[in-house]
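As structure tokens, here come the structures.
Next come two complexes built around chain A: one with chain B, the other with chain C.
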Partner chain A sequence: MRVAVLSLSSCLGCQYVLLSMEEYFYTFIGENAIPYAPFLLDQKELPEVDLLLLEGTVRHGDDFRRLREARQKADKLVALGTCACFGGVPGLADLLTEERMMRMRYGEGAVIEGAPQGVKRLLPVDAYVSVDAFLPGCPPPEDLLQGFLKLALSGTLPSRLGATVCSECGVTSPPRTREGLRRLLSSVPEAGKCLLEQGFICMGPLTRDGCNALCPSSYGVPCGGCRGPCDEALLPPFQDLKGETLRRMERATGERKEVLEREIKDTAHSFFRYCLAEPLLRRRRPGGTATLLRRLGGEGRR
Partner chain B sequence: MADLVIDPVTRISGNASIRLVRDEGGSPGEARLQAFGYRGFDLFARGSHVDNLVTLVSRICGGDSVFHQVAAARAVEAALGIEVPAAAGLLRELCMWGQLLERHAVSLTVHSLPDLLLPSSDPGLRNIISIHRVDEEVVRRFMALKSLGTLVLREAGGRAVHAVNVLPGGVVRPMGEERRSRLAEKLGEARSLLVETARLIKLLLRRNEEVVESLGEETSPCLALRSEGEMGLLGGRAVLFEEGAGERANLSLEELQASIEERNSPHSHIRVAEIREVGSVRVGPLARVNVYGGYGSELADAELEELKTQWGFPFRRSMLAHAARILEMIHAWEMITRLLRASPGEGSRATASPGGGAGTGAVEAPEGMLVYGLELDAEGTVKTLSITAPLQFNVGALERCLLAGARSAGEGPEGDRRAAVLLETAARSFAPCIPCALH
Partner chain C sequence: MEDKDLTASHIRVDEERCVACRECMEICPQTRGAQYPVYEWGEEGMPQVANPESCIRCLSCELGCRARAITVEVEDDGSRRPDGDPRAEMKCRAIF
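Up next, the complex of A and B:
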């Protein structure tokens, strides 16, 4: 197959995974033609390809043009990584208006020659063009990417459906401590026990599986949600990531939901760290996006 | 005469273009590196609890993720007065050497080696994928160094990209004996490969001497962190070295942060960082070797001596950064070996109560100094955050190097063709990291 790799505004972490697949990397470049991948080769124009792996988000007009061209020239377009699938961490920029962000960075009325028009709001790439397959993960683990590519290159695009991080997590239930909300800065969780039940904000119950629950299970740090929301959260009736997590924490810690809610000041960073830009999560809010953002402590964008 | 535009610049980290602006007579007047799309990490991190800060800033750059993590963690630790257990410091260092090895291997072999190896062949062939088609073995050997760095990072940091082991206060968990010995075993094999690669890079630089020289000489002061006479990977003091004047300044991290001045570029979203009363400085592998004069590890220093006799010292030619990269890879390998042999020590993380305060965290990232300035409010949430990335310091020197390359390329269509090649070669010698600079 002819495969291209393209990054919009991104951290390039997903491309690093591509280079980290060890033996399979050589199979990948040996069995396929890679006519376009600016990170690796000098081809400046995107040719027609069978498959295009797209990393990152649309930040401005130039990104948008690149994305549109990618859609036109690729038979199959894959959103690679949580940025492309759900907006990722960069999507938190939606907490500020674009205008304010640029003003704070470059000063009032700054003129920068050649700068493309910025987008008013960050969105996953499927808000702009149709996407044939999604492989979220920040970045997607090597084995997932490898498995995905094997299937995709044999002509079958893997589907999006899956379970949650909790389903892969090897922890057990701790005895009820009822200490209320806990943060890593000031307390050390008990190893091998469920972090949410210990009072930490763990997004495992609402996060897509596929990472073997590395963070909670092997390292004892709460899941931040880097593989993005699970299907249940994205399909009607849409789940409220924050409300749902707080409900579970209430049950586990014995602390009232309202108290927890008051205590957690950084709701966007805690509950929507990788998916604030995902429109499906905003849809269930009366008043839509602006209401959601305001409730998360941001200024919102129209 | 029309400007010469290279868009996109390929084989670098991130999206950027180069514009060569010509004056009325048609000769190169100005060379620009242009990149757009500021991402606002420093602004949207405001309001975040410190628990979430490290995972946020990691996403600024996959290739430098551990450096962002540690710089942010150091800033938190400085703000809250947290003492990191020695063992955790060593494990962080291991992660950083691993990522430095990986990152240099990518910029040196994936991005720049094809230019040195096949300077006059078709651009379509100047990449590791095409080289792999004709000589599989050579690509595998180069990539083995990248894989080694990745492995160190994966074992010490939990993941190869966006490690999970770094937290304010230390690390989540120590590295088990099994992992340490698995790594130590792998390391031994790399020695000969590193020495061979160094030999090859030195040879190729000499063979491409004309190109090396056509990119001009850079004499702006060099800035690097130094700790106990060695590379201050995790901090230390900022030393400013100027040829002829020697050590011009020696600053604490707080003084360093206070003397950084950022200004807008008229043609790019990358803000330019300079040092007050000094102006433009250079950071990164080349600046570091000029500041330290040596690495403090046997193999790397032996290689360095040879280079000093060949090219003179301090190094002024920007392309010699490639030599500095392979020397740092050797040094990293020696440091990783040293760290794995040393007793791992006790303790992994210190906790603290949330509180207000301000702190600076600075690290030597692969392409130069990365500075975090942080203010926390009483509840342990981020009040303000400032980030200065290596390319923001280097962009001045990079653009001067581009201009020198363009001027040496000559005129007419043949000159344009030469310029197009030289300009990208020049940019790659700085291994510019666009995602970091557009944080």
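Up next, the complex of A and C:
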């Protein structure tokens, strides 16, 4: 098969997973023609390919043009990584104005000559073109990517019936301590026990499985949601990452929702770190996207 | 008439997945404070289906379980979930 890898605005982390697959990577490049992969080859033009792994999402006009071209040249287009699937971390840019971001990063009055115009709203790539398969993860776990590629290269684009990170999580639930909202900065969780029940914000119940619950099970760190929302979170009646998490936290901490909401300093990063750009999660909020962003502390863009 | 085993449960709890959060027991309208609760807390620290005949098949526990550990068999499988957004359905079908 002719396989290419293309990045739009991204951190290149997803491509790096390809390289870190080591042995399988050699099999992969041995058995397939890779005519375009900027991190490997000095090839400027994207040729026609059978399978295109697309990383990152559309941040400005140039990305959009490259995405449209990529769609035309690829027989099958795969959204690789949470940026491409749900907007990922770049989606958080919707909370700030373009000027504010420039000021924060490069100082007062900074301009980049000839920089392409930024998009008004960040969206995942399937909002622009049709996508044949999604492999979320920030970055996707190696074994998952390997499994996906093996199936995809044998001809069928795979999908799997998703559960949640909790279903892979090896913890047990502690008796409720009801100590209120807790943070990793100021308190140490008890190992092997559910972090949500201990009062930490854990996105496991609403996050797609596939990572073997790496963070909560192996490192004792709450799941941040990097695999993106699970099926149930994308479909009615839920579609409410914040509300569902707060509901569970009310039970766990014994605090009222209003009290928890006041204590949570950064709602956007806490609940929507990897999927703020996903339109399915915005649509049902009263007042639509603009109101949602404002309520999350955003300034609104342009 | 065909004999029906009334004690056979149409509710399955996957103990591999369950994280023992007890949420199902709190969500189920036929468990909390009920005389014949659907769920009871088992000795192994997992929910046990004690009175399946009390179940009204509202699917609250199935949908609410954080670990997707519960399956409630209903006759009409088509009504499991309220209709989703077509884009959401399509996206869910294509995710790995």
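Going forward, the second predicted complex is superposed on the first by the 281 of 302 C-alpha atoms of A that agree within 3 Å, B and C clash if a C-alpha of one lies under 4 Å from a C-alpha of the other, contacts with A are read in each partner's own complex, and residues count from 1 in each chain.
To be clear about the criterion, a residue touches a chain if its C-beta (ideal position, glycine included) is under 8 Å from a C-beta of that chain, and two chains touch if they have at least 3 such contacts.
In this text, all values refer to a predicted model and were calculated from it rather than measured experimentally.
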Quick check on the superposed pair: does A:L19 touch chain B, chain C, both, or neither? Answer first, second, both or neither. first
Touch test for A:A163: chain B only (first), chain C only (second), both, or neither? second
With the two complexes superposed on chain A, say which partner A:G199 touches: chain B (first), chain C (second), both, or neither. neither
Report for A:H269: first if it touches chain B alone, second if chain C alone, otherwise both or neither. first
After superposition on the shared chain, which partner residues are touched by A:M101: those of chain B (first), chain C (second), both, or neither? first
By residue count, which of the two partners contacts chain A more extensively, chain B or chain C? B
Looking at A:L280 after the superposition, I want to know if it touches chain B, chain C, both of them or none. Which is it: first, second, both, neither? second
Touch check for A:P116: first (chain B), second (chain C), both, or neither? first
Using the touch definition from the top, say if A:G87 reaches chain B (first), chain C (second), both or neither. neither
Once bound in the complex, which stretches of chain C touch chain A? 14, 17, 19-23, 26, 45, 63, 66-69, 81-85, 87-89, 91-96
Inside the complex, what are the residues of chain A that reach chain C? 85, 126, 131-136, 144, 148, 157-160, 162-164, 166-169, 171-173, 194, 196-197, 204-205, 208, 210, 228, 231-232, 234-238, 248, 251, 280, 283
Can you name the residues of chain B that touch chain A in the complex? 7-8, 10-15, 19, 34, 36-41, 43-45, 47-52, 55-56, 59-63, 65, 106, 110, 123-124, 126-130, 132, 136, 140, 143, 146-147, 150, 158-162, 164-165, 167-169, 172-173, 264-269, 271, 349, 351-354, 379-381, 424, 435, 438
Where on chain A does chain B make contact in their complex? 7-17, 19-20, 22, 25-26, 29-30, 34, 37-44, 59-60, 62-63, 88-90, 92-93, 95-96, 101-102, 104-107, 110-116, 118, 138-139, 141-142, 183-188, 214-215, 218-221, 224, 226, 264-266, 268-270, 273, 297
